[in-house]
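Two complexes follow with chain A in common, the first pairing it with chain B and the second with chain C.
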Partner chain A sequence: MRRYFGRKLFTYLITFFVAATIDWLIPRFMPGDPIAVLVTKTNILSPTQAQRMVEYYTQLFGLDKPMPVQYLNFWTSLLHGNLGLSIYGNGTPVIDMIMAAVPYTLALLVPAILLSWWAGNSFGALAARRKWLDNTVLPVGYILTATPYMWLALVLSFLLAFSFRMFPLSGGYGFNLEPTLTWLFFTDLVAHWVLPFLSLFLVMFGGWAIGMRNMIIYELESDYSRYLASLGAPQSLIRKYAFRNAMLPQITGLALQLGVIVAGSLVTEIVFAYPGLGHLVFAAIQNQDYFLLQGIFLFIIIGVLLANFIVDIVYVLVDPRVRVAMRGGTA
Partner chain B sequence: MTAMTGTASEKSPSADDAGNVPVPAAKRARGEFLFFTLRSKKFVISVSILLLLAIVAILGPVVDSTDPLAQEMLPMRHPTLDPGNWFGTTYFGEDVFAQFANGLRASFFIGFLGGGLAAIIGMLVGFLAGYRGGWVDEILNMITNIFLVIPTLAVLLVVTSYLQARGVLFEAIFIGGTSWPWAARAIRAQTFSLRSRDFIDLAKLSGRPGWKVIVFEIAPNMSSYLFLTYILLFGGAILIAASLDFIGLGPTGGMSLGLMMFNAVTWAALQLGIWWWFVPPGVGIIAVVGALYVMNVGLDEIFNPKLREM
Partner chain C sequence: MQLGKTRVVALLAVVAIAASACGGSTATPTVAAPGATTGATPAPVATPATTPAAAAVNGTLPPTDTTVYPRAETLYTSGKQWGAPSTWNPFDSNMAMGVVGLQYETLFLYDPIKDAYTPWLASGGSWDSAKTTYTINVRQGVKWSDGTALTAADVAFSLNIYQNAALGSNLFTIVDKVVASGNNVVVTFKGTPAYQEFSSALYNDPIVPAAIWTAKNDANILKFLNQGGVGSGPYTYKTAAQDRMVWVKNPTWWATAALSLTVKPTYVVDIVNSSNNAALGELLSGGLDLDNNYLPGIAQIVNGGYGVTTYFAAAPYMLGGNTAWLVPNTKKAPLNDPAFRRALAEAIDPNNVVVKDYGNIVAKADPTGLLPVWSKYIDTAQVTSLGATFDATKAKADLAAAGYKLGSDGFVTNKDGTAIKLNLEVPDGWSDWMEAETLIAKDAAAAGININPTHPAYATVVNDRNGTATAAPTFDLVINNDVQIGNTPWVYYDYIFRQPQIAAGAARNRNYEQYDNAAAWALVQQLDKTPVEDTATMKTICSQLQKIQLTDEPIIPLWYNGEWSQVNNSVWTNWPSSTTNQVQPATWNGYWQMGAIYMLTNLKPVTKS
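On to the complex of A and B.
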């Protein structure tokens, strides 16, 4: 057990190291001078003052030091939670802007991933080898899983927000409200959350349902299922075994899909102008705010790694063979 | 995405049991294959859709040579039944059909090339890791994991800022170079299960070099699996390209389905109710990618008799 997780942890650490290094390159190797942009934004007219500002910021960001020193400084400030200042946010610390956006993204992603995984797998398992359900779930599933995230978002917002005015068109909460702990604000928050959540949920649901349906058919055709059937076991029992076996690849699939899912949530947020990380990424690209981009990507890397680690743990809990193998036996 | 087991046993003429009628048997096997191919509703429907869209993508820009970015100085046209105006025009008077046909062409190109490149890298890594095992496997696994986790967007941002003019080819290569990890993992697992079979041991004993064993013994035994993987990578590349174009990191100067959606959102097509601007590109992507996925399952059922519905 310790060896298994030790190796996993080692892989994750190396991955984090490489990914963070690529991330570090972003503000340094991009064309254009981020400091100059920052100074221009402060609207200082006198050249001497501007010059002093440039010097101040260059020193503040440590951009005057040699590259290897900058790289070391990056890691030390990273460990202190210091990600620099945002140009788009007019000098607000990057970490504050990210912390304000993260709850929105998590509130979209976590329920969408978990619910779609659960519902998709249940539906797919139910539909496999059942003619009527299969003929309806299958085409719908294929259409959903082939849908670009932002397109479903566009169509949903066009139909339900623009045409029928059932939900607000964009934003995280109404422009006339302040974030407070009131019932009014909460309901408004939920109303803005429904459509982005729904578009993420539906696309993912299709993928899981199809995957599960195909896996269950494989399992039902395998020797152990046939053997059980020949022993006279009831169909429900065989399906139960098939489901347990088919679930394992779906758990692995979740880990493999995480990158795609995160990208999907980014574009969905852009469509709805939802104030999460995706919206922030878009604003950062548009404003050439490289420090902000660097910080957001760092957060995404950490999030994906953490989610991967959780999937690893779940896999061990669910699959008895892995547990046996870890104790040195063979399954 | 979906894990597919089962390797299609390639029917070789020497495997014929009767012996005295070798040629008809091979023919019969082929005929049977063709029979199940044409009987598969999934395969026939999806291939028809793909062919139709391919014709639009290839011939559309030839027959209707309107520049997708040319702005006519007329009021915006709604789609009508009049010939030449089925798709209407955008807010700027650009022909939506011209944009759609050209975008579809770019999508096919990116799927074909990006998916192909991803399949090649996935096969190289998967075969090598699965066949060699040991530390080669460990290192390749680690590289695969890194590629799986790194936000490819970050890499793309750095690269794109240096290439001010980027073509569709660049996008295809970028997508191919970053979307292979799951394929490599799947192929590695398949290779792993084949590696310990007797016929592989025999091939090794005969002193063949490793790459020959992979190319002539392992790959043919999972050829159907490899083809199915390519189909999924093809569809995946189209979807990724749409997302990249949508954030404004796509090719410059050309037209793509993702870019159409980006423009529609940027110029408030939603708030103005110009649905014909953003509906066609999405429907096009869904039709191509959905048909590919359905074809994938249809072919799987043809290759693997166990899955056929009787």
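On to the complex of A and C.
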């Protein structure tokens, strides 16, 4: 068991190292000079003032040092927990900007992933048994899973927010409120959360429903199910065993889905101007903010690797064959 | 089954641990403003504010509970803030909306429509008879928001702060000494005063409390974020988040007693720009009162019965805030030939852009490029005789006369026979300019000039236009509108003719076309040293500058880019308009001190019948 997890951890560390290096490289491939963009956008009257700003920011962000030195600085500061200063935020520490945005993104992603996974699998399993449900869930599922996140977000925003005024158009919480521990603020927060959540939930739900439905049907056709049926076991018992076996690819799929859903949440947050990480990434790209982009991508890398690691643990807990294999491996 | 249950419990435990480790509480996120804590620590259950509207209007009572802003007392704006508010330092041009104007104020206001200066924190100012010393009379009875008095020492300090090299100001290349004396501040100059530049400082430089800023006046002055600072203006800092900036009324504002002025909204909430369609949606549904974004199709909306109005009720709907110029790189052939540039100016019809692209919400620029507020400095007779007007046939004739032969593909070639293909660059995403450049290219093609419209990323355009530390500017043509309206056309002539050329790189922000004309620059410096009251001399110098500009065409004026401003009249009314309330309707930097502050004092809440 320890060797299994040790090996896993080692793989993850290598992945992290490579991903972090690529993460550091990518913003630097963007054309243009971020300091020039920052200075030009401020429309300074006097050229001496502009020159001073250029010097100040170049020195502040360490962009005048050669690339290998910048790379080493990146790792040194990363190991100190310092993700650098944001150009877009005029020198605000990147970690502060990310921490302000993370709660919103997690509030969207975690419920959306877990609820859609649970609901999708339940519906899929049900659909595998009932023909009439199968005839409705399957086409709806296909349509939903093929829908681009952004398009669904726009449709929901137009219908439910603009036309029917059921939910707010944009933002994390109302512009007339400040964050306080009141019922009013909490309901407002939830109201702003519903539409972005739905945009993510619905698309993922479709995918899981179809996947589970196919897996259940496959399991119900397998040898052990037929054997159990021939022994006279009740349908519910067969279904229970089939469900457990069908879950395993779904758990793997969850791990794979995590990376995709982060991209989906990015566009959803942009449509709703929801102040999460996706919105911040968009702003960072527009403003050529190397450090903010690096920091957010690093955060996402760590998050996805961590979630994958958790799914690995869950897999071990759920599948007895893995445990037997591990014991066999260490014996 | 025992084992199954254990497994499920373990599963749940893992999920719970993961959730708590990753995200922590998601119920009430602490929205920390970048860089510092907001101080909005969760309070016990707060009751919604019921500040009487009357008290808000008179400004006598400070708001009591303040975490919910009543709609009738709140002004929602958008359009200035292109990113999260990250600094409230009035010397940092990236400062949040309203830092200078709502929180900090200037010595004078300048009204470009009336061309008049209003004493503000100064009660007056005068030159001595030799016009070499300027005395500022500091207004008495003004208090900072922390209760201390604003004195001449504060004013002197606020001007002397520009000696700090970190601010990169050139004020002390023209100013010698700033000394407080009694209730006055005396400014002496180096040599003949540069009256134009100094007059710009009088209405642009913020006055800050010396008690707080003396300690910050070192090389790190721009690192001081000044969140929640102390100012003299009508609003103080309330809160800020990634998507908003909130100001709350300062009940002890000096102008209420001294000038009988009160700002009507108790709260001003500026919303960070996300996208134009989000802004439009909010404006139409009443979530925004004032929007200073460019919204395409606003002409139809104004006439569509949505309660949305603009400064002018009909075309051009918007005031002109700056001129959009076509900037050629005069160091590259054939753009180094004035005859070619002239032909180019004659080939382009800005009316095409005005009508087809903007739907008449902008106006075609005068051939001198000077904004309408400076029309008195335009030598109209000279413009009629020398100015380039749209005439494709004449453009073709001028090209031929200058030696550019028409090739078989319908485009003219260089004098040595090589093909001419000029890249016109605008930033990607600036949809109105992207459309404009295709129209310009079409016009030019009709006259035989091959222009290729491109739209690279903003950063690339800036790089090509400015050059870098190692490479000269590589652009052919760009459209640019950097310099805004001001109190004197000197700002435009400085922009066009500045010498010496600023080194290529990020700090380059004048004379993008790299035009070298020593005589023109001498005239610009002469203009700078002309008193702002001496309009006669200014007119003469401007006329000479216009002659150079109209014959050489170093840059070509296209249209007056609008001071985009559309308002929703459902909650607040009596907005600026050309008929009643003629003040600047923009929340952009630099506009509050050009009279936009009156926009807030003139507002009237809509009373629900």
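Going forward, the second predicted complex is superposed on the first by the 287 of 331 C-alpha atoms of A that agree within 3 Å, B and C clash if a C-alpha of one lies under 4 Å from a C-alpha of the other, contacts with A are read in each partner's own complex, and residues count from 1 in each chain.
The rule is short, and it goes like this: contacts are C-beta pairs under 8 Å (C-beta built on N, C-alpha and C of every residue); 3 or more make two chains touch, one makes a residue touch a chain.
Everything quoted here is computed from the prediction, not taken from an experiment.
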Touching partner for A:Tyr227 - first (chain B), second (chain C), both, neither: neither
Contacts of A:Trp75 with chain B and chain C, given as first, second, both or neither: neither
First, second, both or neither for A:Gly253, with chain B first and chain C second: first
Which of chain B and chain C A:Met215 touches, first, second, both or neither: first
Partner chain(s) touched by A:Asp96 [first = chain B, second = chain C, both, neither]: second
First, second, both or neither for A:Tyr142, with chain B first and chain C second: first
First (chain B), second (chain C), both or neither touched by A:Trp151: first
Contacts of A:Pro275 with chain B and chain C, given as first, second, both or neither: second
Contacts of A:Val318 with chain B and chain C, given as first, second, both or neither: second
Touch count on chain A, higher of chain B and chain C: C
Chain A positions touched by chain B in one structure and by chain C in the second: 30-32, 162, 169, 270, 286
Residues of chain C touching chain A in the complex: 7, 10-11, 14-15, 18-19, 22-35, 40, 42-46, 48, 66-71, 74, 76, 82-84, 86-87, 92-94, 165-170, 200, 204, 222-223, 239, 241-244, 246, 269, 271, 274-275, 278, 281-282, 285, 287, 456-460, 462-463, 466, 468, 482, 484, 491, 498, 502, 505-510, 589
Residue ranges of chain B in contact with chain A within the complex: 1-6, 141-142, 145-146, 148-155, 157-158, 161-162, 181-182, 185, 235, 239-240, 242-243, 246-249, 258, 261, 264-265, 270-271, 273, 275, 278-279, 281-282, 285-286, 288-290, 292-294, 297, 300, 306-307
In the complex with chain B, residue positions of chain A that touch it: 11, 14-15, 18-19, 22-23, 25-26, 29-32, 142-143, 145-152, 154-155, 157-158, 162-163, 169, 207, 210-211, 214-215, 217-218, 221, 249, 252-253, 255-257, 259-260, 262-264, 266-267, 270-271, 281-282, 285-286, 293, 297, 300-301, 304-305, 308
Footprint of chain C on chain A - complex, ascending: 30-54, 56, 86, 88-93, 96-97, 99-104, 106-107, 110, 114, 162, 165, 169-172, 175-186, 189, 270, 273, 275, 279-280, 283, 286-288, 303, 306-307, 310, 313-314, 317-318
